[in-house]
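You will see subunit A twice below: alongside subunit B first, and alongside subunit C after that.
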Partner chain A sequence: MLVSEGVAAAPPRESAFQRMMANGQLKMVLIFVPPAILIFTVFVILPMIQAGLFSPYKWSGYGPVPWALNEDTGRTFGRWIGTTNFERMMSHSAFKQSLVNTLLVIGVSIAIQLPLAMTLALMIYRSSRINTVFRLIFFLPYVMAEVATGLIFSFVLDGNYGLSRSFADLMGWEKAFFPLAEKPWAFYCILGVIVWKYFGFHMMIFIAGLQSISSEVLEAAKIDGAKTLQSVFLIKLPLLWPSITISVFYAVLGGLQVFDLVMPMTAGGPSNSSHTLVSYLYNFGFIRLNIGFGSAVGVFLFVVGVAFAFLYRNTVQRGQ
Partner chain B sequence: MKLKSLALTSVFVLAAGIAHADVTVDVLSINRDSATWKQLYEDIVAEYNAAHDGVTVNVEFMEDESFKQKLPTLLQSDAAPDLFFSWSGGVFYEQADQGFLRALDDATVAAWKEELSPGGMAALSYNGKYYGAPEASQNVAIWYNKDIAAELGVDPSAIKTYDDLLEMVKVAKAANVTPFTVGGQDKWPLHFFYSMLAMRIMGQEGMAASAAGENGGFANEDWVRAGEEFVKLVELEPFQDGFMGVKYDQATGIWGDGGSLFHLMGDWDLGASRAAASDGGLKDEQLGVIPFPAIEGGKGKITDTLGGASGFVLTKNAPDEAIDFLKFFMGEKAQKRAASEGIYIPTVPSASGLVEDVVLKQFANIGGASTYHQLFLDQYFGSELGGVINDVSAQLATGDVTPQEAAELLEETRAFQ
Partner chain C sequence: MAEVILNNVQKRFGSVEVIPDLSLRIADGSFTVLVGPSGCGKSTLLRMIAGLEDVSGGQVTIGGEDVTGAEPDKRGIAMVFQSYALYPHMTVRQNIGFALRLAKRPKQEIKERVEEAAEILKLGPLLDRKPRQLSGGQRQRVAIGRAIVRNPKVFLFDEPLSNLDAALRTQMRVELAELHAKLGATMIYVTHDQVEAMTMADQIVIMKSGVIQQSGQPMDLYKRPGNPFVAGFIGSPKMNLLEGRVAKDREAIVFGVRPEHIKVSDEGGEWRGVVRHAEHLGSDTVVYVDAEKVGALTVRLTGEVPLRAGSPVWMTPESGNVHLFRADGSVERV
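Now for the complex of A and B:
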């Protein structure tokens, strides 16, 4: 009431700026926005631009930038090679494998992890003490540090003294199974751990969504004779659509970033078969002192991520 | 107020520094896990500091991996050390090429070559300039477990050719004994097999020609044959179960627990396997060492050695005092003590005879009789090509590339460098 009176009393041509001055919003903007922009620029935008600028160079990482002149040698630190880094990346078998693996992570997240999270969310979303306990248990893997999780599973899956050994003994097998050392299995083990670790996170998103569905709608459906499955598929899931789209969004972007689990479990092996895009970037870019190449992979990753986010926001999530 | 006093204090500190003409020499080393090795460093530094007024030497230790990652940034900063540890090889060449290192003058080089190992100094040279002093000598050979050999009724010391080795692997397999333990996940333990075979097949000249891109670089019949010979071994399934999921530390623990007949590894494995094994590892009398066997029709000799050549190098802003200290640090006195205490196998020729440890002595002998010492290939060829050598060695061991493809992959990477 007060606000609308103020607006009515003010001159008709008052700009948005003046209005913000008047109600103190401008002060808030000036206090909070510059630091955010500064931090975002320094830690996100600048490194992205840098990676883009480094990617056409062959550069070992010595010197401030590849095009700087090294006074001690009279040459630049890096060497301009145009699109060679991108061409090499695209033709590299380990890169193709890491791309397939990353797509697998995304596929498994969407096809297995989200339905699992949804099923569990539907079972325990109502508030009760026992449900709280279950939520906590299911959420625990998400809380654990990725590297610790990877280490734990590298022990669990070890055929000499891990659970794999105990299982083999139990079954009376002569040979224990070393899943992380077998090319066909190594990456599926990582996928399994990814599902185990992150389903709780998606479950929480769904629980929050389910709890916000009005009980009146559900009651009305019940009175009209809707069965449990009918109310799930015809009411809850459609109403949960915004939560599902957010979950898918996180699953895809998270899938593009998997790294910390891979390093302790397989370090990308055996024979570079279990790299994700990020572990590939790290191994072939930074460990091998080939910053230009690493930057090229980074640029690829960035383009894929941004293209996905842009498309997704403008199609699936449109209007939300 | 506070700032002002701080500024004043620092002025005083600076003035005091100038008054005594104090020079600080900062040394950056990788972690020396063995207590005796660390003690050796500390004693040498203490002795040097006591004898040289106005010079203070500080040694810092850093874990291997973080050392590798921080060094490029560190070398470009004001906090660069004056001396730092180097494994030599491609990374060192890059540092020298980019002008981050200080070269020794000719007189110093000539004087040092009298006392230190000329071969070791050559490993720390680039384009005719010398940048540092060598420390320990490292060699790779085949270790064998004498108890297991006795049980099998075989004598590995009789192995002269690669075929002999393959025969013994078959004997072990038939008796359900694992022939080799290897930490395949790390890849580099597998690259020893490929490297050794390549050296035995092509010899020193062949290796130099590959590095220079002559004879098709790596895409020639010698490299293909090295792959084929390796595959012959791989087809006998010589490694322990799940070898691709195990790192070196674990693998050497398995070896130390008596898990296999052979172990292809360097002399450093003595301490490492004893530390990683569950009950102190294999005793001296259980351990045998043989050089990697010769190969039929190969140009390389059985006395050619593969190993490391590590030492300390100078950074470009290092003061003259750092050169003086380096000579003392890697000098005869320190290396003789290292030899007699069994800390490492010295490079200084006059010290190598002092190695008393029965096992290390065998490595010292192999190193002493070396007709051509090849630096580890994954370091010699630099981080990129070296990384690919490790990759293809692992892929050959899992059957993911053919010897022909492996050679082509190597050549493709070399041509790009």
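Now for the complex of A and C:
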């Protein structure tokens, strides 16, 4: 076989690893990735695995793990009960109520909070000084700590000295009105606060989306004869679809996690009527020292959250 | 088709006066190009005709109808934007038919008119694609299709070719000129590119700081520029505008001669100089010369001329093609 001389052999191809070594990327990866993985593992992955392992036990939380042997009693700290925790949870009326309440939070977030945020975003998305002031005002509730917000509203809705008192006086009611202690009112008050607190966040997402729409596209629509509402429904909303799907995603996952507002306002009462899934978990798992039961609720929450995220990203958000 | 008349039109943004006082008549069926440097108010003027900017004072008339306060869609105009401004979520078909859909025209009519516009612009096979699946030139065609389908009295173009590459720009220039010939509609075209203005317009309006410097047919402006600004703006390479002694000797403030109107010789002439740089374009040679007494000059010679940096040359302005701009605003051509 003839081999032509004088033709330089092609240099050996660099592997991705060699390339990363050469351009310093590897050093960056080694410095920044391990701490992130460590923190994520310790605070997210391990607790999730633990919850899964604890959920089939009846365990008060004493001892290192439910299956460890207690040398004083000669038995394990916890007792294996299989799926009993899940069965108890499913048949518990307070759990059913908390599930309904959580669905209500999600429903209200999507049906009331997002349209409200969208309406306000459409009104104040253009750059002007007054719009900046309004944006700040509407966004302020989101910046406040949840517990502080809950406390403030527990004062506002107090029948002795809050706005609720003034309202009752105005209406000429003889009895004091404690909406947070009234079963028909308590959770709706929490829903109102959730809408008030988080609409600013969604409004900001929509404002960012609206500002990225080319002004020439809107002008073209104007020349084509689109009136204000037609421009909103036929141009702006379709172009905002990616922002809307992100907002719905956050609204649903946020709805599954509502806790800090419930505790200072009602602590789940009256008669466990205003629990959300997480406050139910906290009350019936940790407060009552049923770590196994709490873990079962946690596993349920995790499965629902992951299933939603997976389905949503593979259907609605596909291709975005 | 319609005549567009601007009567003492003014535009102020707060305390900034963009267009102090402007009057212009754009004849029915003409292709008028508004041209000028960035910030001269040409786009603002176009947007005022479109109704996208309020008029601070004066009157805008389209087809004999006062439209000064009318909404954009009530003016009988269509506009093509620099960025094409296509609706990204709609197909080409929906983009072109959007105005008809808003006007609640019957579906069959929309279909026919969209296909008719697509036929004119050779967009037939692309009708079901989204804008992101199109090239720059195809997008521009869709934008023009969206304008055609409305049967407007006046087409407005806001720098429609500036996002295209040079080859496509040349092609689209020809297509737009053909489209104008075919439709016979009034077209108003804004650009900062004087080549576009010269090649497409039958009326050029040159603006600077919101004021019309001169308007007229392209060759009129080329041959008889009314002031040094117009003289420098029209023509490529730009006219040599000389101040100082060469102008003073002829009782002018500026002595103007176009690069193609300077004769070059190696034996003798009016000005002596040394070639600083030469561009060999094949069909032409553009020579930059440092001339004694008059300073830097640009000379354009037909064909390939073997001049190199450092070559000594003699130059003489052609008689009859020298523009003397006087202090009183008059121009003499000698």
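Methods note: the second predicted complex is superposed on the first by the 306 of 320 C-alpha atoms of A that agree within 3 Å, B and C clash if a C-alpha of one lies under 4 Å from a C-alpha of the other, contacts with A are read in each partner's own complex, and residues count from 1 in each chain.
Rule of thumb we're sticking to: contacts are C-beta pairs under 8 Å (C-beta built on N, C-alpha and C of every residue); 3 or more make two chains touch, one makes a residue touch a chain.
Everything numeric here is computed off the predicted structure, so don't read it as measured data.
Chemist: With subunit A superposed, do subunit B and subunit C clash or fit?
Modeler: fit
Chemist: Tell me the contact category for A:267 with respect to subunit B and subunit C: first, second, both or neither.
Modeler: In the superposition, A:267 contacts subunit B only.
Chemist: Once the structures are superposed on A, label A:232 by its partner contacts, choosing first (subunit B), second (subunit C), both or neither.
Modeler: It touches nothing on subunit B or subunit C.
Chemist: Touch check for A:77: first (subunit B), second (subunit C), both, or neither?
Modeler: In the superposition, A:77 contacts subunit B only.
Chemist: I'd like to know which partner A:20 touches here: subunit B for first, subunit C for second, both or neither.
Modeler: So A:20 meets neither subunit B nor subunit C here.
Chemist: Please work out whether A:287 is in contact with subunit B alone, subunit C alone, both, or neither, and reply first, second, both or neither.
Modeler: A:287: touches subunit B, not subunit C.
Chemist: Specify the partner with more touching residues on subunit A, choosing between subunit B and subunit C.
Modeler: Per-residue touch count on subunit A favours B.
Chemist: Could you look at A:204 and tell me whether it touches subunit B, subunit C, both or neither (first, second, both, neither)?
Modeler: A:204 sits against neither subunit B nor subunit C.
Chemist: Please indicate which partner A:63 is in contact with in the superposed arrangement: first for subunit B, second for subunit C, both, or neither.
Modeler: A:63: touches subunit B, not subunit C.
Chemist: Look across subunit B and subunit C in the superposition and give the shortest C-alpha distance you find, in Å.
Modeler: After superposing on chain A, subunit B and subunit C come no closer than 52 Å at C-alpha.
Chemist: Can you give me the overlap between the subunit B contact set and the subunit C contact set on subunit A?
Modeler: none
Chemist: Under the definition above, what is the set of subunit A residues touching subunit B in their complex?
Modeler: Spelled out, the residues of subunit A in touch with subunit B are 60-64, 70-73, 77, 84, 88, 94, 154, 157-160, 175-176, 178-183, 186, 266-267, 269-273, 283-284, 286-290.
Chemist: Give every residue of subunit A touching subunit C within the complex, in rising order.
Modeler: 214, 216-217, 219-226, 230, 234-235, 238-239, 241
Chemist: Per the contact definition, I'd like the list of subunit B residues that touch subunit A in the complex.
Modeler: Subunit B reaches subunit A through residues 69, 72, 75-76, 91, 94-95, 97-100, 184-185, 187, 241-246, 250, 254, 316, 382-384, 387, 391, 394-395, 398, 400, 416.
Chemist: Write out the stretch or stretches of subunit C touching subunit A in their complex.
Modeler: 50-52, 71-73, 77-79, 81-83, 85-89, 98-99, 102-103, 146, 150
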